[in-house]
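Below is one structure; the comments refer to it alone.
As written, the chains take the letters A, B, C, D and E, and residue 1 is the first residue of each chain.
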């Protein structure tokens, strides 16, 4: 297979590292185009990539406005607040055995609230603009980050902890100098999963009421209007923004957890 | 029996009572039809379902159907059980709105997902911009319920005479505290719940025959429902799988819906059609449809169905 | 149970905050109503009214509890459609809807976590997959499911797949990703010396996998599964919408919101939260069991 | 010995494991005075590490009493009385060598300049100058062990507990570090508990040698060294030295016989 | 030496690190014949571990050539030519001691009964009988090290590479294991590469002693032992033994001087 051939050769080349997914993607797009035009799929069901590209090119200003509304205002702010709150909660839980036993089981209940249920409520509470979307994102990203952080805070090994004991380090010193660094591989798992959740959350929340801009608004409106090319243009923006966001967090992860075997093994 | 699938525009409720009555009372069976009714929902676009082959006919509003036609999906109206429009804009009296002239600067709740066309053409008839520019209205994409009005996040919201309006009332706001603008009264009414099929299937005699039988039975259902609103509402309740509908609300909805279907025997009134088209074409810079549609309806089916 | 007291304390705290929130958030409506009626309100009026509204912004806990009780036990025992009188679960009962959602969730979770683990195994062992799968897995997650779910349902329906499976597929779509991310990290967690040992044995890839990578990925696996099952539940509920939202907790939530039945929404939400809590708890239990058997619980 | 720093009376420590209890320590009586240098020697698994850990409050005795500076070990730990060198290096992988050595200094609140100066000094002491910026996995086993010794020496704990600190070092570095350690001890008057498997090392360094035997871990002999405090390396060839070494070896052998 | 098992010619190995390259090995030439017992001795950080790892194909030389049994180290590894004892025990924490020892046997496809028998035998050899069901963290440091030795001895590799296997053991166990290892070697004719810091141990065990010096890691002396193959423990008091030990010590000292 072509992809594996390239992969074999690409131990050094950074360009080739990128080439594999690109080629894979182009193949996928080509198959899609062929399937749509060849098999005559109605364009109100699935438009051809070429049509999507054309629509994308002519609608950049709308796409930009939607992107700012949904991604920059809704998703990013919610992501920051949600992840921050989750990490702080995890630390609080960790700080007190009482809360570990009390808050964590309850956290399991509260944090897995389905978006469909909370979105209308949060729109009711926080209004139609991006604040309610950010609130939905907060709820969505909270749980993955919480679970991973709690798990991560248990990851320091016995000898590493004993060392802190011998220094009679305070709880916070041990946390900052040992537990959090050791938890980073886990925390970043949560942060990475949350990047895509944040985007989904911000978009889906707009289905439940929004001003007349935003990616979710545009998608649901255009589905109703059968403007499927616009829907897919928005989805493309979502995919690009989401991947870039994920990529950014991965790069940070690589710098922060360079010492972890999963990172040291490569590059 | 021949299979026939109908895609509704919204969830199971008395708005679609005629079809459920026909099913429950065996009217379809008598026409040798085996009918499946698919409920809709907030993200089900009936035109998309029919394009994908998921239904034989759909219930849709005419503005959306005509827009879909322009977008390349040739929908044809084959019957029009709803004579008049139930759409209105409901405002809180305390907001100080007394006439459409007061709209500029206000926040209005609107349904999108293809339901925004009547509103947009009304506004463009009034010459009020909706894109957030100076002297226009602020438009909110309204969710599924009347909360924006109750929470005072909007000055006015879209309501149907048979549904949301009563929810506002039920919430404890008296009729005196509300002021309503019916699309009918504003002269911008567009046709609602009609039956649409794909144009290319109409040539097929077998399909047309099935369709005729379906329309005939459905209209029987509608007329029965008009006469027996309480029983009809109970039938709807039986078909509601979510179990969320309440008896009182559905009976009242049926009563209100009956007022809208009253003037129709199922056949499309061409005058209504032309008024709808004129509304959609007319007014402003951004009409819903840009050209007079061709072949967007046929009377052949109702003629055959109602012949005997 | 040594957990009882802490859990009860936390729950009590939540309930107190909840009541306070209910009074605070519902008070506006009470004052508005009074103003419309031209009456004065005292604090005790507010207290009484805010905890008993029909359409509260935030229902009081006891309203939700009553609704939960009515829509489960009372509905099944006494209603015409309840299990006592009809022999089947009532479609008005949360037990029925919860069960519908639970079955889609479990099937979706099985598919999703299975797929997630398989993909992670592929990514860790095959360079081509490492380079090409991950970007697309990420991109797939950025596509808002609600937008494409109807298409998935239409397509699946046209090939004759309906019922539980389409919902489960959407649920799987949401749950595979956390599992992939966690398991890729977990399967790469063995340290150098542990891997070197396997190399000196010239162990085959499957042997390295079963004897080293899999055991050392356990902490990551369980964290992923917990997130994954919560995502499955969300997916199953989301998947209920485009299937016509006829049954399940999602349908229930949506129907509640069409009619502004805040109490009903909250009852369904609590129902979903309880399901999630139980499932996450079950995985936690499995985790403790496994880690104890592996001698890693200390 | 009026100023006992570490005092164990009837000390016992039993681990509960999946297949029954393990008696790691049993009926241990030992007094260590201020400024003493005490070596622990004994077969593998006899409880040396366990005893040191109990002193540092990392394990809690199941029987008897143990006091440190007249307090419980926990209280002593709170007073930051210990420097501990673990049997395995246990460096934090996300910190460089210098960062690892700086760790206790940060925790104990030394100021920046002081931190840098101390890191520099101990790196030199253990002959790791120039490796401060490396990460632990970039060092050889012996270098890691030296880094962990440096970490324990960087701050001035009154009690130094060292668990086979020089196990992975060659003779020459070891001799050098032995001398350095003795010098440090002479200069500061620290109390040192030191686990080793090398009889000459134990004899060369200690004022008191504790010989232990396993299952259950007990003390079989406590030897007060007759050697002077001033100890050049060639003291190892004196008859007194050889005599003490012989007694230790005998004690060890006896302990093994029990097995 | 016609049947060279390990042959290094101009071998060099450089690590790239964040602050510049580290020359761990430079211009190493060495031939090890079949059935030889070769000890490596040298200051900490001189490249002993790196050399052993290169032989086992765990590191790849950046210069020169290295062959094992006439093949590349990679090919030799594929042929399962090595048993390796790491400098740190490296037991898998989720397996019991017996489970850890069983690991290579499972991988190499020994049958159940054979596995059990071998585990039993090597546990006895390293004096860990009765600890098979314990988990690694329930063992003392020396016991863990012995378990890792047992793991490498459980299967019969032709080449045994041991990186300071006895570093954490007391003299008596060490002597015992030295004897056992010699007996095993005599019985099976394995080729053994052995890193140690103990000069007597190196002299007692080896047919050839390789003395190394650091930065960059080089071989400074290769000493062919004049001692007979048959070696009772008291051979350590013979003049030949002391003579060889002296030469090793001199070599070591010279290496250190370089630093």
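Here is the rule we use: a residue touches a chain if its C-beta (ideal position, glycine included) is under 8 Å from a C-beta of that chain, and two chains touch if they have at least 3 such contacts.
Here the structure is a predicted model, which is why all the values come from computation and not from measurement.
**Q** Of the chains shown, whose Cα centre falls closest to the middle of all protein Cα atoms?
**A** Central chain is A.
**Q** Which whole number of Å gives the spacing of the CA centres of chain B and chain C?
**A** 35
**Q** Approximately how many whole Å separate the CA-defined centres of chain B and chain E?
**A** 84
**Q** Suppose each chain is reduced to the average of its Cα coordinates; what separation in Å results between chain A and chain C?
**A** A distance of 17 Å separates the two centres.
**Q** Give, as an integer number of Å, the spacing between the C-alpha centres of chain D and chain A.
**A** The mean C-alpha positions of chain A and chain D differ by 49 Å.
**Q** Residues of chain D that touch two or more other chains: which are they?
**A** Where chain D meets two or more other chains at a single residue, that happens at 18, 88, 135, 137.
**Q** What are the residues of chain C that contact at least two other chains?
**A** Touching at least two other chains: 57, 146-147, 150-151, 154, 192, 241, 254, 257, 295, 298.
**Q** Which chain B residues touch at least two other chains?
**A** Where chain B meets two or more other chains at a single residue, that happens at 42-43, 45, 48, 52, 143-145, 147, 151.
**Q** Just spell out which pairs of chains touch, all of them.
**A** Pairs satisfying the touch definition: A-B, A-C, A-D, B-C, C-E, D-E.
**Q** Which residues of chain B touch chain C once you look at their complex with the stated criterion?
**A** Result: residues 11-12, 38-45, 48-49, 52-54, 94, 143-147, 150-151, 167, 170-174, 177, 240-246, 249 of chain B touch chain C.
**Q** Inside the complex, what are the residues of chain C that reach chain A?
**A** Residue list for chain C touching chain A: 2-3, 5-11, 14, 25, 57, 126-128, 130-132, 134-136, 138-139, 141-148, 150-151, 154, 177-178, 181-182, 184-185, 188-192, 219-220, 222-224, 226-227, 230, 233-234, 237-238, 241, 249-250, 253-254, 257, 262, 265, 268-269, 272-274, 276-277, 280-281, 284, 298.
**Q** Provide the residue numbers of chain A that touch chain C in the complex, in ascending order.
**A** Touch list, chain A to chain C: 1, 3-4, 6-8, 10, 17, 20-21, 23-25, 28, 45-46, 98-103, 105-106, 108-118, 120-121, 124-125, 143-144, 147-148, 151, 154-155, 158, 185-186, 189-190, 192-193, 196-197, 199-200, 203-204, 207-208, 215-216, 219-220, 223, 231, 235, 238-239, 241-243, 246, 260-262, 264-265.
**Q** Would you mind writing out the residues of chain D in touch with chain E in their complex?
**A** 15, 17-19, 22, 41-45, 48-50, 87-88, 127, 133-135, 138-143, 146, 163-164, 167-174, 197-199, 249, 252-253, 256, 259
**Q** Okay, in this complex, where on chain E does chain C touch?
**A** Touching chain C from chain E are residues 53, 56-58, 77-80, 82-84, 86, 88, 90, 92-96, 103-104, 106-108, 135, 137.
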